[in-house]
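Take a look at the structures below.
Each of the two complexes below includes chain A, the first together with chain B, the second together with chain C.
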Partner chain A sequence: MARLHVVIPALVHTFIRSKTEYPGAMVLGWLSQFAAYGSMYTAISLILARFGSLGGWVWPEIALLLSFHLLAYSLGASLSFVQFREMEEKVRIGTMDAILVKPVSTWTYIVFSGLNIGYAGHIVLALGLMAWSLTQVDVTWTGQSSLLFVCYLISAAMIIAAVMTMIGATALVWVKSNHLYQIFFGFWELARYPLNIFPLPLQLLMLTFAPLAFMAYVPVAATLGKPVPLLGDYASAAALLAGPLVTLIAMAHWRWCLRNYQGAGG
Partner chain B sequence: MKLAAYPAFTATAFQSRLAYRNQVWSGVFGELVFMFARIAIWTSVFSTVASDSVDGVTLPQMITYALLAGPVLYWDYSRLLRDVGTAVKSGDIAVYLLKPLLYPAYMLANHTGNFLFDLLTVTVPVAIIIGFTVGLVPPASLFHGLAFLPFWALSFGMLFLLTTILGLAAFWLMTADSLDWFFNSIMTLLAGGIVPLWFFPGWLAAIAGNLPFAWVSYYPAAIYIGQLDPSQALTAFIIGLVWFAVLLGVLLWLWAKARHRLIVQGG
Partner chain C sequence: MAIISAQGVEKTFRQPKRQSGLAGAIRSLFSRDYTEVRAVNGISFTIQPGEAVGYLGPNGAGKSTMIKMMTGILVPTAGTLSVLGREPHSNRITNAAEIGVVFGQRSQLWWDLPVRDSFDLNRHIYDIPTPRFAENLTRLTTMLDMGGYIDRPVRQLSLGQRMRAEIAMALLHDPKILFLDEPTIGLDVVAKDVVRKFLAEVNRERGTTIILTTHDLVDIEEICPRLIMVDDGKLLFDGELKHLRSALGSRRRLKLEFGTDPGPITLKTAHLVTDEGAAKHFLLDSEQTSILDVLTELGSGHDLKDVKLEEPDIEEVIRTFYKNKVQAGVAP
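For the complex of A and B:
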């Protein structure tokens, strides 16, 4: 098995070089995504400006929620989304067979040979909005609370990468799985609003089978000291544990799918 | 090519979508989630005000507006943009140039088929589900109900023209990927699909209300729920027609320019 500290930088370097071959398209992509998210957030801010609050959250708190949602998504998806969205195609045309016989972990190869630097526009917007909102919300920052906030973020990014991996891995068995991303992005859309505005069954769903409430709402609510439906005082611990737990489930699912991979036939 | 031949492209596009039936239920799911998110947001913010209506609009009217301005009027333009971009990038556009057809008219016929497919298989079921579970309101009056129909046709034409004009930019940029995001950013804010213009600050509403994007979502949906009286509706329709004529002129001019500078990559 090849040494990872050599292989991973080489894979990332190769992919980044291939992307920077077209710098104009790359920068245009960053700017356009920045504009698209910025526009959506402006629309949400207009609602808040007219009505004052959404589910008891005022604009700076919503801005923190939106920025956390975007940053966690960008970090997790840069390691997973485009790579695993292409899994269906890899299985269908047989490229997956070639990846399986490489002398490097299959997951490592897929993730790092496509490490997506296209999320730079997302990250710049998310960090900017987060920096502003953190100065506006009523939170007393200490060393411990800052460390906790970073751990929440890592846990949330783990959830994204884990769920994307699971959807991609499903293509190894079903051949087709990209329609599951549409379902994922449905819950992803809901995850950027306070969970308490949704009906109870949806709240329950987003805290269990589709755990995207942990990608932004639960950690941000725990940071702001806001009550979290169904979890109450356990919100902070749950936000920390959700990422590792979903990752463990994703690892088991990935291995099961690899064991049951038979190709697309033919 | 005779005009009568174009409906065949519409029928073919509709039939080819039947082959991807799993896209239907995931499409219904996606639109339902979109709608329930909007319903939850409007229900939440309307609960913070003391009266039943805000700016003369009640919550059921707002939910109806969200359905019309979103899934009904704001159809999947990305597919059209992607088709134009791919045809330019792959060089397939050259094949269309060899055929005795007008490429923009072919795209209109083709995407009318896609629009009808999505309308029948995704939008109508979503509207029925929302109607039975949450409730939708009928048009404000017979006039508003009848006026909605030409505004709907104008909205379809306007979104088609805007998207195709943007898609033709791929002749110069060689990619339509970023254009999709840029267009999305403009439409999100200025079409009034997410936030109606009456909730905008006055100066922004005045600007957005005179740009062509507002005829895609805002005006048709606002007319349905009775936010514009008959004289305002007629004025809006005439201005919309002027915008339509301008955009059509731009499209034909751009197409004439684009096909003379076609560069097909590769050998």
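For the complex of A and C:
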């Protein structure tokens, strides 16, 4: 069996080499993403400056929420989004077959042969905004709370990669699954805002079947010591466990879909 | 011991029934009926190490499905399948390390990078020791004449060059079995010839077992002494190519040319099909009938000038077989 510590760097190296064949497009992609998110965050900050707070959250807290949301998304999506969005095409034209005959885990091959360095713009913006907001919010940082914050971030990134994996895996059975990304991004948009501004059924949905409240709101609220609807004192533990739990479900779904892969005919 | 063994292998796909028209399409959104399509239906065969086997059949016969099951991509619905002593789908990764696969219509090369980069990635994926990789790369580059383009991006290569690179990449790790799914599809005559000669040599010199699906019978004639022919997912023929004609009931054609028209001739050993006067065309009634048998029966009282025995070419044999099937009301 292939040695992952050798194969993963080789896959990433090959992918980056293929991307740097078009350096202009790569840099332009980073700049456009930076500009798109930057202008959106500016708009949100201007609205907050007019109204003071949103669901009891002031601008530095919202900035932390937005930056956590973007950073968790970038980390998770760089491992998954483009790779699994292309799954439908891979199945339809048969290139998935060529991946399945490689002596390496199919998930590993797909993820690292498409590790998306295009999220560099997102990450730079998210880190910048987070660095500023952390100096503005009222949190006493200790070694334990810092470690907890990093763990929240990893758990949130795992949720993104797991959900993307599940959507992509569905294409192995349904051939078409990209419409599910539209549903995902609908909830993803909502996940940028404090959960308590939404009606109860939506809160419930975002804490269960569409668990994107755990990708930013729950961990950031737990960090800031804000009350979390429905979870209360369990918010911190739930934010830590959500990522591994969704990942386990995604692994089971991925294996089931792989076993039931039929190709698209031909 | 057989390197591949298939016993009663079946693969059934569940496909939605298409309803005609817009109303049918809308109806199918709410209630969908499914039909079961048996792409592979009780196929059994064994393949010994070092064999070169052509897997032949019309579109939809189940060729690619069988290859996908042997390479571990698809899971058989029924039957037992063993490749290198393992069940391919449940040992997919282990199995993949010992086989090579070439898809004629699906490239495994990195489109934007030079061929060499794809080869180098495979060196890591297949954990090929550096000296063996270097040796194989040199040998394959020379044999397939790839020296001129190995450092060019794949997107700039012709189809023939790309296919040679695909085949070389599949052989870099010295696989025990090489599966090729339509490797010559779309290639020009020269490129096909290069690929065929190379594959025959790999089989002969290196002892690599080759399983090849194709529509092109010349591929099989030049590479594979053994032929497995399938249709509607079922096995029609498994044996040496030279026995296919008799197995499918195809008969040899005999032309007798006389100095002058001998008039009507009736023979027990051959059946007259065309009478052109001085030239008469017969079909021999069985594989065992020899020219000598016919000439003995004809006797010496004719002004016989020339005798010509024509073996039906394999393509004609198969075409006739499928044509007869269609005429009998069964779609091939």
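To be clear about the criterion, the second predicted complex is superposed on the first by the 265 of 266 C-alpha atoms of A that agree within 3 Å, B and C clash if a C-alpha of one lies under 4 Å from a C-alpha of the other, contacts with A are read in each partner's own complex, and residues count from 1 in each chain.
The rule is simple: a residue touches a chain if its C-beta (ideal position, glycine included) is under 8 Å from a C-beta of that chain, and two chains touch if they have at least 3 such contacts.
Here the structure is a predicted model, which means the values were calculated and not measured.
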First, second, both or neither for A:R3, with chain B first and chain C second:
second
Touching A:Q262, do we find chain B (first), chain C (second), both, or neither?
second
Figure out whether A:L46 sits in contact with chain B (first) or chain C (second), or with both, or with neither.
first
Touching A:L100, do we find chain B (first), chain C (second), both, or neither?
second
Does chain B (first) or chain C (second) touch A:L54, or do both, or does neither?
first
May I ask you to decide whether A:L190 touches chain B, chain C, both, or neither, giving the answer as first, second, both or neither?
first
Touching A:R17 in the superposition: chain B (first), chain C (second), both, neither?
second
For chain B, which residues count as touching chain A in their complex?
22-23, 26-27, 29-30, 32-34, 36-37, 40-41, 43-45, 48-49, 54, 173, 175, 177-182, 184-186, 188-189, 194-195, 199-201
Chain A residues within the chain B interface of the complex:
25, 28-29, 31-33, 35-36, 38-40, 42-43, 46-47, 49-55, 176, 179, 182-183, 185-187, 189-190, 193, 197-199, 202
Note: in the complex, chain A contacts chain C through residues 1-3, 6-7, 10-11, 14, 17-18, 21-22, 93-95, 97-98, 100-105, 259-263, 265-266
Which positions of chain C touch chain A when the two form their complex?
13, 64, 68, 71-75, 89, 92-94, 96-97, 99, 101, 103, 105-108, 110-113, 117-118, 120-121, 124-127, 153
